[in-house]
Amino acid sequence: MKHTDFAPYPPMGWNSWDCYGAAVNEEQLLGNAGYMRDHLKEYGWNVVTCDIQWSEPSAFDTMYTPNAPLCMDEYSRLIPAPNRFPSAADGRGFLPISRKIHEMGLLFGIHIMRGIPRQAIYSRTKIKGTDLTADKVGDPFSVCGWNSDMYGVDVRSPGAQAYYDSLFELYAEWEIDFVKVDDIATTGAHANDSHCHGPMPGVGEIEMIHKAIMKCGRPIVLSLSPGPAPVEYAWMFKKNANMWRLTNDVWDNWSAVANMFERCETWQGHGGDGVWPDCDMLPFGHINCNARYGDNYCRMTHDEQISMMNLWSIFRSPLIVGAELRDCDEFTLSLLTNAEILRLNKHSYSPNQIYRTRRAAAWYSHDDNGDGGGEYYIALFNLRDEAATVTVSASDVDEFDIRGRQIRDLWAHKDIGVSGDVIEAALPPHGSVVYRLK
Amino acid sequence: MKHTDFAPYPPMGWNSWDCYGAAVNEEQLLGNAGYMRDHLKEYGWNVVTCDIQWSEPSAFDTMYTPNAPLCMDEYSRLIPAPNRFPSAADGRGFLPISRKIHEMGLLFGIHIMRGIPRQAIYSRTKIKGTDLTADKVGDPFSVCGWNSDMYGVDVRSPGAQAYYDSLFELYAEWEIDFVKVDDIATTGAHANDSHCHGPMPGVGEIEMIHKAIMKCGRPIVLSLSPGPAPVEYAWMFKKNANMWRLTNDVWDNWSAVANMFERCETWQGHGGDGVWPDCDMLPFGHINCNARYGDNYCRMTHDEQISMMNLWSIFRSPLIVGAELRDCDEFTLSLLTNAEILRLNKHSYSPNQIYRTRRAAAWYSHDDNGDGGGEYYIALFNLRDEAATVTVSASDVDEFDIRGRQIRDLWAHKDIGVSGDVIEAALPPHGSVVYRLK
Amino acid sequence: MKHTDFAPYPPMGWNSWDCYGAAVNEEQLLGNAGYMRDHLKEYGWNVVTCDIQWSEPSAFDTMYTPNAPLCMDEYSRLIPAPNRFPSAADGRGFLPISRKIHEMGLLFGIHIMRGIPRQAIYSRTKIKGTDLTADKVGDPFSVCGWNSDMYGVDVRSPGAQAYYDSLFELYAEWEIDFVKVDDIATTGAHANDSHCHGPMPGVGEIEMIHKAIMKCGRPIVLSLSPGPAPVEYAWMFKKNANMWRLTNDVWDNWSAVANMFERCETWQGHGGDGVWPDCDMLPFGHINCNARYGDNYCRMTHDEQISMMNLWSIFRSPLIVGAELRDCDEFTLSLLTNAEILRLNKHSYSPNQIYRTRRAAAWYSHDDNGDGGGEYYIALFNLRDEAATVTVSASDVDEFDIRGRQIRDLWAHKDIGVSGDVIEAALPPHGSVVYRLK
Amino acid sequence: MKHTDFAPYPPMGWNSWDCYGAAVNEEQLLGNAGYMRDHLKEYGWNVVTCDIQWSEPSAFDTMYTPNAPLCMDEYSRLIPAPNRFPSAADGRGFLPISRKIHEMGLLFGIHIMRGIPRQAIYSRTKIKGTDLTADKVGDPFSVCGWNSDMYGVDVRSPGAQAYYDSLFELYAEWEIDFVKVDDIATTGAHANDSHCHGPMPGVGEIEMIHKAIMKCGRPIVLSLSPGPAPVEYAWMFKKNANMWRLTNDVWDNWSAVANMFERCETWQGHGGDGVWPDCDMLPFGHINCNARYGDNYCRMTHDEQISMMNLWSIFRSPLIVGAELRDCDEFTLSLLTNAEILRLNKHSYSPNQIYRTRRAAAWYSHDDNGDGGGEYYIALFNLRDEAATVTVSASDVDEFDIRGRQIRDLWAHKDIGVSGDVIEAALPPHGSVVYRLK
């Protein structure tokens, strides 16, 4: 089995970061899992992921505490903080939560930072399966620029692969299905690039993590963060991971979506067959639930949120929603349950940008509808701050003839006529449409 | 017909730059064409290209003369200097040379600089098919960093597309088969990036040139120089051109070849189906024939030259030789006539780097031998300055099983045994082998 | 006589750029000179400078016309366009205007771009005092990033110094007192830094211009633009010029002033004794008089304009006002005629920044009041967007004791008490005070 | 007393780094001090400095050990490792060594890294004079790029100044005269510049260290390393320190000296009156005494070493020799005891670069010989790899007339004639002369 078999379609799920930041707890994880089982599973959503700082007892909101003590086992491996995850007490780790989520018919994911806890270095704890202690494995020059928990591992150390193997052995024991590794997928994330041991900082650790997964006996999907992942390493990401971030964190503002058009342009042609360039989480619904400066519902307009779904879907990005699902309003739920758009995300292939300017963008993609019959999608986006008509002409598309086809609007859920030389849409500010051409 | 149909295989040919620099003449062009017809055509070599400064009467060696006057027609289009290309006199342009080369069963290519002659701006000559003069089309801020002949066109000018259309209309009249456009394929080539009108300087002009070719009625292969082409624009290069340079100029030293391993790593997966990332010319044989500081034979060792052929071939780069062909010695000729290696370049598919370190590199590729039977190539490169054994293990290759296959050495031209868990080769400094596995 | 003798105090004057852009004319020059004579000369203002494009007949507003024809003499030297400067007809150049301004008791300055006209290259006109033509002197790779009139001179050309000598010989004939050379004082101004012939692009030309001035027999003040001048070359600027710009163009917005605090911090300690780091023009009063998008009065608040005067004055920047002087309102005139502040600019010495944060800045300087008695200035600036109290404590200043001194407010023009441990001021948004301590 | 009073002349001394790297011991310190007392003190050499890692028991050569344990007191302050400095046992610190060196009539200096030990963070030790522990003071994002001992202090922490005060209180108790603070004087030294809390990383800590010195009651000379110090902060360095490095570490190769000409050019005009831009140590004599890859005598030619002394001396850099002094050969000793050159370093003023090209450099400086009589120095340097004559013409120097003066050669120690229009010297490769003009 190859790692690309672990994610045949772009992963769909929920992650605790947007709503609970560094301080999610067991009740919140299981509560959102329950909602997913009841309302979203039938649409394909099935991964529940616990994000950062689950080993820090003192975490209480979205921010990090420099030099905070963490829960750790005797082998320098972080374990869940029992005050936040009661079922993890007595060394049970994430297994009890994992089991409950599996019983719901869902998958369970966790977040980790690359590297080894700094506190392990200074307490000189052991590395499982070796005679070494952590200070011989951690590279004190390989430091994250925004979180002080870990040092990167020194990939030249004899204990480096053993350490990562021991992590994934533990995660397999916990029956984890999905691991999001952080501080690893971009050059900018590393404070100290001059000390990298490979061509890009993090490459060595990405390869080690891939090997550890292949050894651990469980088909764990590997997700790498944050971006921007450098496209020079497209080949390396495909070789080792299932998804990797195209940008730094996306939040609920249009500028992040607008920027994604450029990134999707760059990365077009790279996704498919088990590897998925990742446009990041969907910050829909109720988020920032325990933020220091207050919670909110997604601050983008409805049109902007639909445009986000449209771009993510035609590009075939993973779809990971950030809302406190139990607080979903009708509109948010409608974003997550449009079966025609979700089919585009899951079953279309070979998406292509038709053009991109400061004012508009257009994409097309393919769908054989199961019968090889050659259907197509066209997405039109208005990037302006005012209403505008966006068009695609027959001469803009080389690969097929846009003319004379039945047009179906995937958000109106109805057929709207037959195409001529030009396909167009009158769109609100930052609005978009996706048409299916039969 | 799409532009990708114009170059179904990586182009193979000869170009005047390495041997005659800025000062090639008609006799030299036709002489090399004659040699190609007689000795190389049967191996697939068939493009003869006249490189830079063919419109400058005063050119006499490899260097450029700032502010030099150029031969130009009434429509601001450069034409060949009759003192160097006598058959071009009386406005016949390159047609007579083109005809002679076609009669040899070969194709004829020319080099152009992107943009419009600066002298046209200041003499305010016309743009064909418009009421405009050159000063309304040339962008004085779009200047090349190393050659002072041209300004880029202002892509927002109404005369910009008309100017490029008029160029390719003329080249079609001249029966040109291949155009190498210079100062266009990298960000670094442009002196004044802050004035670019598109996302990368040159993108607008690349698109205009592509359109002009598609309109001109002749399947002209489009080659873009110099590199390094930014891989962020891979999609754009594929959409508009047939080949584009991965680096700045390659000359006869190992460091240029060594550097190409990194570039091929980055660009793996991007070539095929009519689009060919280009590792640049092969500086074999007698070169620098009229250089100010003296001519020479290729200064790389035989092993290094073979390694160059091996990397270029397994990567499926275009192969454009730079030698004064008429002075080829036996070794140089042997490089150009190894049918097994040239088959690798022409008919293999999906090349992949297995690994790359400072000491060695390995690649594999596919060949179905016409019967879908699944044959493979393995290339092993010693990057060290001393002899070393280079290996590939079965565990290094996921895609197929290297074991139990008949190994054929494509330079020794003989079978050398059956593969086990490890395929290895004892290699001289900078040496390499290519094995075919049946 | 040394060049530092040419500007014993920071120059004070008027320049046509802010109000008339690229299209000032003779009437406007003389009209502003007349106003200066009548209302400002007594306060020390005495330089009238004609800014860019005076040789372009077609100039009509603030923008540049790419590839525009220019008026030029037989020696490749630009001359005033007679349609805009009628007295310059028949080869009289700027001499008639110069004479009129001198009769008013004022000095006359002109702007030039470094380099040689591109049109001279392509018409191959002569260089005075040599057998060379312009194409042998102009360096086609030394191009300005924002104006297409000139090429830089190739400083290695035998005609380079001769060309600059011929320019200043002409300017001396025209009785010019002040020359502002543009496109020369920063690395960023040059489109093509990789072709520079010295350590910073422009250094060679700065040195040549300095030599040409020293030879021309007239004490012409040399002003270099635009900035940011790199402080690594402080020694070079001092050796060759009287003033040089610290930033790119300053216009009538607070962000430009706010940014100047950082630049003044960097350049503190470098001004004095005939060399004056230059904070750029004061965009007060009626400006943009013939701008394509409309004229305006200075868009900064009165408090902001006073803060600008205060920083420029305590730093001892040259003071060059940009207003159409004839339209000065009472407030604008009050800015230019505060004798106590102008004394600070002219006669104080050794200004020092006390501190700078995002919220506030403070400076001190010295004044011996002619009797060596040790008086001081303190300037307090509120950099916040809201009202705030700004303070200096006795412990912030090592060089003298701020306590027990009579405080005079230089804008209120009155004594306000005796200083204690802390000097403070309640200031409006972006407001400031200057106190004199006796 | 101001900090500039602490170093009225450029400091002269010895430092353990070049000979003993990270592992100097008590015997070596005192042995070199003894040599200085006996042979060098009479020439002005008087500072003995113990360089890096004196608190690390495991240090044994020139390299650093990542994550090594250090000797530390209860207040998070590093103390000397008694296995290497036996007199420091029982909490006596450096006081016994300091006393012995003072008895020799010399001064004692120590090296420190900016910041607080990482091991103090994880053991949560106290900060003297506060209720805080180290984890509240150390900034885990402020990390050195080449040594893993410390975190920078978080300058916003209430314990930050208290920590530095406690350090210098201890150093005053130890009777330290000179402190070299490392990882603080350049932007490039910091791994994580984006987390700096001031305009340049390190500025906040430099100011705190300055304050701590002014409070500690002892005139400790402050030396900042490594460079290149950014000249934008010249004003800040002068305000807080006595000397600061212009480059990264200088070793015994000509390229480091050649590079220093550019740095001295940039920094000319900034030294004098207690503040001394620092060209770094003089790697003369026996060095690398316990290097992993072997010791050596200075690998520069005699001419190169003399040129180093000449540049350092005319620029008035601090002079800190790196040799194991007890192994000095006759030539090395002659470098350190040329009284005429040492007078140039100590008593000349206002050095100026006359010119600098790739081939040669020339400087002049002033000396009033105690009687205000106006004597001058001229130094001529041959930067070429072959012998050449280097000249200065009368027209190259504005400030005084080089002609008609008695010339004395400061290495030949004799008068060599009277100057004419040109002063010249025939110099060996990388050779130089210093002339004194009377």
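Which chain is which? They are A, B, C and D, in the order written, and residues in each are numbered from 1.
The criterion applied here is as follows: contacts are C-beta pairs under 8 Å (C-beta built on N, C-alpha and C of every residue); 3 or more make two chains touch, one makes a residue touch a chain.
Computed from a predicted model, the values in this text were never measured in an experiment.
When the partners of subunit B are compared with those of subunit C, no chain appears in both lists. Subunit A and subunit D have Cα centroids separated by 51 Å. Put simply, the C-alpha centre of subunit C and that of subunit D have 40 angstrom between them. The set of subunit A residues touching two or more other chains is empty. The touch graph of the protein chains shown is a ring with every node of degree two. Counting only pairs that meet the touch rule, the chains in contact are A-B, A-D, B-C, C-D. Residues 2, 199, 231-232, 234-235, 262, 265-266, 268-269, 353, 398 of subunit B touch subunit A in their complex.
Listed in rising order, the residues of subunit C touching subunit B in the complex are 66-67, 118-119, 121-123, 135, 138-141, 143, 145-146, 148, 154, 191-192, 194-195.
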